[in-house]
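First chain A sits with chain B, and in the next complex the same chain sits with chain C.
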Partner chain A sequence: MSEEKQTKEAPKPKPKRPKIPRQPMPEQDAHARAKNFESVTLGYTMEQAVVEATRCIQCKKPYCIGGCPVAIDIPGFIQLVKDKEFLKAAQLVKRTNLLPAVCGRVCPQEEQCEAVCVLGKKQDPVAIGRLERFVADYEAEHGEIPLPEFPPKTGKKVAVVGAGPGGLTVAGDLIQQGHDVTIFEALHKAGGVLVYGIPEFRLPKAIVEREVEYLQRLGVELKLNHVIGKIRTIDQLMEEDGFDAVFIGSGAGLPWFMDIPGENLNGVFSANEYLTRNNLMKAFDFPSYDTPIKKFKNVAVIGGGNVAMDSVRTALRLGADNAYIVYRRGREEMPARQEEIEHAEHEGVKFKNLTAPVRILGNDEGWVTALECLEMELGEPDASGRRRPIPVKGSEFILEMDAVVIAIGTSANPLIAQTTPDLKLNRKGYIEVENETTCRTSKKGVFAGGDIVTGSATVILAMGAGRNAANAIQNYLQTGEWWSPNGTPEN
Partner chain B sequence: MYEILKKTVWQEQKPRITEFLVRAPEIARAHQAGQFVILVADEHAERIPLTIADKDVEKGTINILFQEVGKSTMCLGMLKEGEEILHIAGPLGKPTHIEKFGTVVCVGGGIGIAPVHPIAEAMKAAGNQVISILGARSKDLLIYEERMKAASHDIRITTDDGSYGRHGFVTDELKAMIEEEKIPIDLVVVIGPPIMMKFVCKVTEPHKIQTYASLNTIMVDGTGMCGACRVTVGGKTKFVCVDGPEFDGHAVDFEEMMMRQRQYLPEEKLAVELCEKQTCHKS
Partner chain C sequence: MSFTTFKDIVTYAVEKEAEAIRFYTDASRQEEYAAAKGTFLAFAEEEKKHKALFENLDPQLVANYKFGKIPDLKRSDYMVETAYRPGMPYVDILRLAMKREEHAKKFYDDCVALVEGEDQKKLFQMLSQEESKHKLKLETMYDDAMAKAGD
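After this line comes the complex of A and B, so read on.
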């Protein structure tokens, strides 16, 4: 393989080097881990990290950076790993990504940075995410990144609604510009989906806590249990409480149900409820923790995304004999990350693809007993580009089941919109913004980003939106310039 | 942290009923009748919904009343004056629709009298003729009588054992008011055990008296994120924490709601047993 070909525009890179295979990720044994809530992947050793780092050919025109929504200096930090300057590498990453230990674990790298890594054309791409996780974990264990130097206080106050990855990013960026930042979070823990949705075995909660503490050390004020729209409205924050700008990062959240018979039977949950009980409330540790969750024998999870994979793997860990994914399209069409699907397969999840639920059956006491399904076949591609599933006539069949978890998506939470009438929403109820770069809403001084604008997306996209919003807020606080949807700027 | 400024035990006998006066100035300021809070007593506790029974905006306090029906409420009841509740989020839920309806009957059963209190107060302030019916199992289990008197023009009391007021249920009193006294009622607001709310709705339905029932489903987040609190109202799925807690009582599927409330019965029992054996995390 010739390297000139891969980096056409770049000057000739260093002379040829031996081909080193992509370093595999050490994992807990699949059988053992399917019964515990500990981390599935264990992280690179120092040796593995250095070996993997040497695979990067330090492209002069690194495409990988363009594939990362927050444009981390990927070759830069990888070079530092190669030089065993792990703390410096972590510092470099943190300059653009506040949550590297999180992104290194949960980013869909195969669709982002690693998808465009030049090595990927001929062999496996550099394991960018794993290296990012390695440096972040190394830093957590070995050192404290010194607090950055602060510019003088500006006297401006910014309110951030929602402590998910989007809100945390905005807060981190703006506090470093000298503004006063207060985060209002509805739940009793900060982190958004990172604490209530994504399970411990994929993302240890201690990591999120550590990052939130870091923000507090930087001076961000965190007000938990503050449901904006209820305890204070956006207008009150701006008119009475003296906030000069507001960022809304309240996430998607309202779970969808399917509107099929039997959905309110006992034993039917939204994925959000199932996961929140476990992650936020630690129901897997009942009765040591007070929040209960049932241990079901046969659990069906409906859906094919990350949320469905997290739910089904949680069901296994809670002791289910059979944990099924019921998905109406094929494996190819599953929106979940490849790695999560594979992990689920290895752990023993049973996949019922091309299967659609039509009815949930229950007993006299109101408990789920079975799920009636229909086989599907794939037809022409639909608007999403995926082939549309079509029911096969007369193919109904029944699966014995005692719990059904519905993971088919969420829509916008209406609490803020209900009390902020001049905030424009789109057809689906998400907040409308001018564009991705400015994140300006229809209401002066109010910005929005993350899932509440795009619908359910990814951690790093929410963080990218947070970064853009922080820049736009900085600009607004300095110039006071606003926009008008008709094109004429306002002051 | 939310300090308990005052603790009042309304009823010693099990299930004990306790009232806390809690410092929560921001919640007190934002509260409107009909709203509730979700509280988490300590690091290991559940999120439990309790109605704001009273408030003092000046002093920055709210009152919550609870009956010790399970582990979480039992643990809460162990807290003393001066101690703190770890988390309280609120006010949550939609406020009661308050306007001048005419004659409004506020029905509270058992512990449900406390949550009906701010509604009666607001209805009276809006110029309604407020008649309250308070129901309890017996005289010494009756709570908030004085406060409800102040919030109403007329007050009726029923006890299951006849130890005070009418011998019977709140529904008997309500029926008598409609059928015998022929009081023209414009609205009934009812809060209490689901079974009681169901029967109150059955009484008012044939007379086409609009009836608000405040539902107390199992909840987790209380912000519309999990769907644990869902109920069927008029054939549609609604989330009690964001669409309610009050709904048109004639449209609520109470049977389904009661079925869903029984979901964790064995777990709840186990938790109480461990608690009583003092092997829970608190001891």
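After this line comes the complex of A and C, so read on.
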């Protein structure tokens, strides 16, 4: 009797849906990969992608879309993955993102779409970035990107300065509106940071090449080795060469140094130079390619951002015995993506956090021999609540080093501004625009977007700016409407 | 240079601020862009506040001056000297200004050690603390800009 009562009262446990864990990303073994330039992450298999896609609960109000700077229909494409409609999924993503194979690899999803994924409240968020990469790679392997229908030619000419993600997006959008588009790129390869900055092991160059070739198939003209400001000025493009509008997407590639003693020694590089020599000029493949890079035993990379992580991991792959990150703040303050920091740790990079370089020492031949550093400690919180690092008195120490790579930030190259007098800049030297949506500069017919406007940011933000600028240029070419900049807008 | 009276010291400090105002104003004139001009003019304004403060100094004010611990981030202390050049980027402008404050502070600290009278020592300590405040303000601006970039 009592037993019967008990069974009546106890509610039946609901059958729980088994929690599917976030599918891990297959990776090359850390020891092996630290010695080669092949991709670190290998991408999901079809099975893994489908399993991961089933984790998405298809929220009625999907926050993930709002978390994406270009508002990809994330639940939509994930549902297509679940249904094994991979090509359709890729096409859906491409409606709003020209370079999903790139963004799937390098976007900081953990701060964007995945940060707001509802699943993330109780467990790991859906691996949106990995799925984006999967569908883009699947399409690259299995599908030919069909050429879209072309509208009739408008007879309007648009010049794009810089072939980074911002410029490429503008070109791709405007060529499909029937305009003639020419990209002027200073370097001998298109892609901007995607080819000269981010290393092969994180972003294979073939992916970028494929996208650039696609733009050329669409009819975009690409003029490489064309430094605007030297070969032609913006004024000449507009007044003499017949361009009706210009987009400036020249990035922020001018490196900062530390201004400490010893920076002019041999063996000191800006991260830009170090990465460019290796990525673009294939120094790692010397003598097959003719840019040499000396093999250094001990390399210190100064900084804690993505650029620093890319440089230090490159140093390992070029054969350094010891590759250090020297960073003046704590690990939690590093702006680099968490994933990249962890990859660097697994590969054997040595982290010297709360450490500030104060002097680079050299030998009689002018080569780096050591780096003098100071230990730092966090000071009292200031008015903003931030605890800033301050040097610990008498804590100087020496690290033996034969190369130092400086990755503490960049700013805009002033060449275009210097040769375009009526282009307004903000306090930090970046081009001032009316707002993020119109991308109109102070000069009629000239638009700007990406790092040259925001300072160093992200690939997806540069692409978002490119899309906005393309819309604004289209509107300008149709209506001729402009704005009247008055005063200096606040930066 | 000898500082015998309160007035000598104040006159010197005022002249130092006047020099700083001239320096930043000249730099702003040489800049082509409104933005850089604006940065230099803002620095000149800061120095004007100091100049006004020093011009109105009297021994009573110094006696009542509140000393406190101004944190020193020492961002400029390990940097090499830098000179003004037209068109210099924003972070370089900050570095230049930080270095100037570092020198000014160090000068007054040296004076504290050199003079004998308590009142004079106190006056120099006050001047040093005022420069430390400027240095901290600039170094905080600089540190924020650099932290974002990965430094």
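In this section, the second predicted complex is superposed on the first by the 460 of 491 C-alpha atoms of A that agree within 3 Å, B and C clash if a C-alpha of one lies under 4 Å from a C-alpha of the other, contacts with A are read in each partner's own complex, and residues count from 1 in each chain.
Rule of thumb we're sticking to: a residue touches a chain if its C-beta (ideal position, glycine included) is under 8 Å from a C-beta of that chain, and two chains touch if they have at least 3 such contacts.
Given the structure is predicted, the values throughout are model-derived calculations rather than measurements.
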Partner chain(s) touched by A:K428 [first = chain B, second = chain C, both, neither]: second
First (chain B), second (chain C), both or neither touched by A:G304: second
First (chain B), second (chain C), both or neither touched by A:M258: second
Chain B versus chain C as contact partner of A:G143, first or second or both or neither: neither
Chain B versus chain C as contact partner of A:S411, first or second or both or neither: second
First, second, both or neither for A:P26, with chain B first and chain C second: neither
Which superposed partner A:V227 touches (first chain B, second chain C, both, neither): first
Contacts of A:G366 with chain B and chain C, given as first, second, both or neither: first
Partner chain in contact with A:S270 - chain B first, chain C second, else both or neither: first
Residues of chain A touched, compared between chain B and chain C (which is higher): C
Common interface residues of chain A - those touching chain B in one complex and chain C in the other: 254, 414
In the complex with chain A, residue positions of chain C that touch it: 32-36, 38-39, 71-74, 78-80, 82, 87, 89-91, 95, 140, 143, 145-151
For the chain B and chain A complex, residues of the former touching the latter: 26-27, 30, 35, 40, 44-47, 71-72, 75, 86-92, 220-221, 223-228, 230-232, 237, 239, 242, 256, 259-260, 262-264, 267-268, 270-271, 274, 280-281
Parts of chain A lying in touch with chain B, wherever the complex brings them together: 186-188, 196, 224-227, 230-232, 253-255, 257, 263-264, 266-267, 269-270, 272-273, 276-277, 281-282, 286-292, 294, 365-366, 413-415
Chain A - residues contacting chain C, complex: 254, 256, 258-261, 302-308, 328-329, 333-336, 356, 358-359, 374, 379-380, 382, 388-391, 407-411, 414, 417-418, 421, 424-429, 432, 455-456, 488, 491
